[in-house]
């Protein structure tokens, strides 16, 4: 099983958030992890996949709201849910860690909340103090803040290592972090 | 078609939020509107349905996460989705207006965000200034705050009347507000 | 909790199947049971709700594929899933019994199969011998055949009575069959 | 975008169907296509992924009903839907072609029906004449029968080539068939 990092963010994103998403995609792919996004050809979804596909052998999964949405050309495997925003829950359930680039969209906010509900760790990249406070109150230790994509990756690495330590004693449904 | 008000809130709710939910359920039912909740036998879901069933001829719909969840005994029609938190999107899509009693749970926060995403009006009852500011930024004019169940009902009445004014010129998929 | 009978059948239905659906809707409503359909304004869905609404105090639930579908004007409570054919599973999970009028559509066939998967009793009305044989092989004792709406109702009555006998010893999540 | 072949079949499968699924998985992977299954560690799902993972560089996607299901160890990317049988629609929507190995399970029958509903080509491997007749009546030219995994692959090849011919004049959302 591969380790999957979900990169979430608005379709109509600021340049800053797109740059972060592109860099995140690249850094995630370099680690040998899978990049999962909402799969459309716009915003953070598209940018994260674009970044990942700069890396040879990378894998990008896009979980699409409907069969009619235009798929990002940087998505290797589009999962067609035909569920609209109901697919947001699948995005976070499928991700081992969720990284949010930009909290200006209601879809992204729902994904962070659903990730917390499902017990998935969430990293907010370059979020405002008010937004971090809002989600920390909601998700407690599941929610971390990072000022940059690099810091987000460092946080994930720490989680993976903690997970690996734990793994010596566990056995079921474990993931392989292939390239590290 | 009946007018449907979704009442959302945490499973582990404060007494204050339960009291609000019970009163909301009763006031909604007195108007002849349908009460929709998450359908389980706990928290705001249960209290809103309980309040509604104090009113003769009321109708309560519960949209349940799984077939194994215990259904509130105040739910007339349990909709079994077998979708876990994915059912949150169905809750808000099906409601003409969403009222949130208590924002302490990640499920409720996801529902408010999904309601905004779907263009449904949301009323936050007795929410903190920080929470109101967070959702106002996200949902703009779709999000209103009310200090009490009575004020929430007054806000819904105004929406229904605006809708009716509009309705003289429209024709498709309109709802009947039976008792007013 | 109310007893719910799902009436499934094609959007493009034969006159015979529409007549059966209309009669089924009426007979179900006369028993005080809830009629559940796919909710659109066409075919068996529409006809079953139309039949039910001939009866005073009846309740019709329509579980719709998307928010854009035209809702049958005979539906009291439209449940908006935004899930396309994924909503077929909700139709059968929510129904205590599923009745199929016409097996010419792939949506209806998927619903009968999903009902069997979920352990729901299915009654095929006026189905061909080959179709009955196909589903009997699949669903064994869950699948029954009826030559008419009246016979289908008689079969459901027998199930409800069996259920009631069992009910003296059980307590959870039981339904009320209001008018009988 | 990668070309995705869904292999569907019962959890409790006959030895013959398991052998076919294993061979199908291997042949699909050798073509550079992605194998998609229901993802659990049993039956046809497990066997198809096992066959695929005999091939270096293969990719297996498993679309799982719930987070609690045991994932096949031959699945590279588990998609967690938390939707029970509702995920069957995602399986077929995501597959460019669906191959069914064994029609003894109601889940598989629902998937073939949902595939037809969604306009996906379906190939029934080693199915009985009665089952082929049932689905041909339902799906017309979308449904083909193959006596062996090899014949199923030949049928898919012909579809891919037809698609490629068509592709010269089209542009959107096209897949790459990487290794052929």
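Letters are used for the chains, namely A, B, C and D, taken in the order the chains are written, and counting of residues starts over at 1 for each.
Keep this in mind: contacts are C-beta pairs under 8 Å (C-beta built on N, C-alpha and C of every residue); 3 or more make two chains touch, one makes a residue touch a chain.
This structure is a prediction, so every number in the text was calculated from the model and none was measured.
Chemist: Any chance you could check whether A-D or B-D wins on number of contacting C-beta pairs?
Modeler: A-D
Chemist: Quick one: point me to the chain whose Cα centre is farthest from that of subunit C.
Modeler: The chain farthest from subunit C, judged by C-alpha centres, is A.
Chemist: I'd like to verify one number: the distance from the centre of subunit B to the centre of subunit D, where each centre is the average of its C-alpha atoms, in whole angstrom.
Modeler: It comes to 41 Å between the two C-alpha centres.
Chemist: Averaging only over C-alpha atoms, locate the centres of subunit A and subunit B and give their separation in whole Å.
Modeler: About 30 Å separates the centre of subunit A from that of subunit B.
Chemist: As a quick test, compute the distance in whole Å between the mean CA positions of subunit A and subunit D.
Modeler: 27
Chemist: Identify all positions of subunit B at which a residue touches two or more other chains, and write them in rising order.
Modeler: Correct list: 81-86, 89-90, 118.
Chemist: How about subunit D: which of its residues touch subunit B in the complex?
Modeler: Per the touch definition, subunit D meets subunit B at residues 66, 81-86.
Chemist: Which stretch or stretches of subunit B touch subunit A in the complex?
Modeler: Result: residues 83-86, 88-90, 104-107, 109-110, 113-114, 116-118, 130-131, 133-134, 138-139 of subunit B touch subunit A.
Chemist: Touching subunit D in the complex: which residues of subunit A?
Modeler: By the definition above, subunit A touches subunit D via 1-2, 4, 34, 59, 61, 63, 67, 70-71, 73, 75-83, 89-90, 93-94, 118, 172-173.
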